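For reference, the structure I am asking about is given below.
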């Protein structure tokens, strides 16, 4: 029973992990919180569903939707980051909050306020692995999520652009001097961040059969919680944090009932900020700098 | 006055109070994205006291505000050291905790997630709301002209340096945070007794965000900014049907543009000074 | 001259992680003196200021203001007891005018009259306003008192910073590289102003790199290198001290 809960927690946690990675990518490189990622997540699911309803197969709709959300994030870069490079950090945050409202309201008006779900795209087969029940759908989704996570980690560690990102994260001037094209890096980071959030949205929609214009905010906040708990500016921290939050949520429902579900998550966010803002693996300073 | 306008201006009054509740901590440099939580505390406390304990209305408004204020001070302490974005996230988390609390606990008293109906028999009149609005506007007017108000601006600008010129920034910031919570709590109580129905879902993150947007849009550095922002947000969409449905998108775009063009908002301190408007005296060229 | 000690540091140490910033430092500043704190860059001088003013906790050694141990006090209390400072990079309040910078420095003075509440009494107000006017005139910034301080030229901004510190009526004024970024004319002007400030009864401790300035105005000098005091004495003694010359080897100005 516990193992089943753990598995469910990991399923949920991998969604949170992907969103957390989207947040942490920009946080680590630019010290900027892109509040709109939650809504980009929602847009991913909405785009994905729209493409599927237009007749495309899920295997085409998925990457296409990711492309779209990646581009959406580039728009955010253009208006919330580029002109505000030298502004105090709260200003870009507020700007992305503006985008958040814009996306949510637009989605509400264009796609309607009802919940929908993805049509079934394959015959689910249930597997029994020891005491645990897992359907083939879940397995595929989990695998996809894990592939994304591992893929991104490798991308950051092994590729040239990934190294560029780490360089910019350390010190943007030094990176420039060393020949890193920081503008390209930044744009890439925004695009990847958006694509991942979109991917997470579709995976979530497929796993939990929910697609609605209102799903962005709650998942966004939980993604932020995951990022903070795991440690900001750190991909692995985001993964750890995401899994942790997912497991916390599922376990608290299992043992304390539905009442405790969000309590535990938001409680974790609040406590993490108050006790150890840099998170488990974190590196960014969250407390006031002195002189 | 027709009931349409009464409702409109009541909503305006409440929005102004909420804007002031956010302005107060913001004036000391603290961005609170959780004031809907304080509003909820005020609303529920006030409603419970009236419905179950038959306490006089005015007393319950104060009680709701004070309860919210106390929680505000308690929350203010641990989040004191957090830098801007992180403080915002902590308050966000707090607001959600409060909403969840009222969704899941005290159900026998409040109806939980299904909402609290029948708060009193008749709604309060608009004068209740605007009485409080006028009170707080006068309060902030005098505050802005006092040394305490100056200390708030200094703390907002640079709290480390402020501490080094003798200002007790801990007391100032927590006080501002708690006062903001108090105002939100009073607004919550007024809301509960005007609409006679509240539910936890109402006091969500969007509510907190919109309150912050009033202040950002209208001007972050003076209390009139929140008044202007609340007014624009409440009154402008009444002009067109389209704007009402797309209200969010419209304000989202306004915020995005504003952050690029004029991040301090529409009203700045300069605009409020008389000499801003007068032609400048001839300055002697060196 | 009255030799009461205003500031006394005794065996003060500070390290960050493994890095020793201040190493077993002891010094005394007497009432009415202008003392210089000099030394090559990275010598720990600003760290000393930060410890005196409570920005960094001082875990070893002691710091006394007159006879009060201020080692573990919060910054605002230390300021209220009588220590004020300026900063290496000018830190003004972006939203305040010149006059308001002086007024804000007086804030806690206004409150202290009537047990914590901001004083609204007539006489208090006039007194403080009068003091503010004096300070602004002393520094030569009365004319620009209503302008936003950050719009002023660099030299004037420095003066505003000093005015703000003076407004707190300190017993001890800490100046962190006041002449940084100034030209010769501005530096000379500052020299005169600091003399005047001392003449009014203040005690001053200055961190500086401009040797002419230091030699010109200081009564007594402490030399720090890598956080250790390597010499102290009058300007004449210091200028002839071998260790000091060595530490600065190759450096002019």
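By written order: A, B and C. Residues from 1 in each chain.
What we mean here is this: a contact is a pair of C-beta atoms (placed from the backbone, for glycine too) under 8 Å apart; a residue touches a chain by one contact, two chains touch by 3 or more.
Predicted, not measured: the structure shown is a model, and the values here were computed from it.
The most centrally placed chain, judged by C-alpha centroids, is B. Using the average of C-alpha coordinates as each chain's centre, A ends up farthest from subunit C. The pair with more inter-chain C-beta contacts, choosing from B-C and A-B, is A-B. Each chain gets one centre point, the mean of its Cα atoms, and the points for subunit A and subunit C are 49 Å apart. As a whole-number value, the distance joining the C-alpha centres of subunit B and subunit C reads 40 Å. Centres computed as Cα averages put subunit A at a distance of 30 Å from subunit B. Contact with two or more other chains is made by residues 290-291 of subunit A. The set of subunit B residues that touch two or more partner chains comprises 160. Listed for subunit C are residues 55, 87, each touching two or more other chains.
Only residues 53, 55, 74-76, 79-80, 84-85, 87, 91, 93-96, 100, 103-105, 107-108, 110-111, 118, 146, 164-165, 167-168 of subunit C touch subunit B when the two sit together in their complex. Those residues of subunit A that touch subunit B in the shared complex are 33, 79-80, 83-84, 87-95, 97-106, 108-109, 217, 221, 224-225, 228, 259-260, 262-263, 266-267, 269-270, 273-274, 277, 285-291.
Residues 146-148, 150-151, 153-154, 156-158, 160-169, 221, 269, 275 of subunit B touch subunit C in their complex. Of all residues in subunit B, those touching subunit A in their complex are 31, 78-79, 81-86, 88-90, 92-94, 96-97, 100-101, 104-105, 159-160, 204-206, 209, 212-213, 216, 245-249, 251-256, 259-260, 263.
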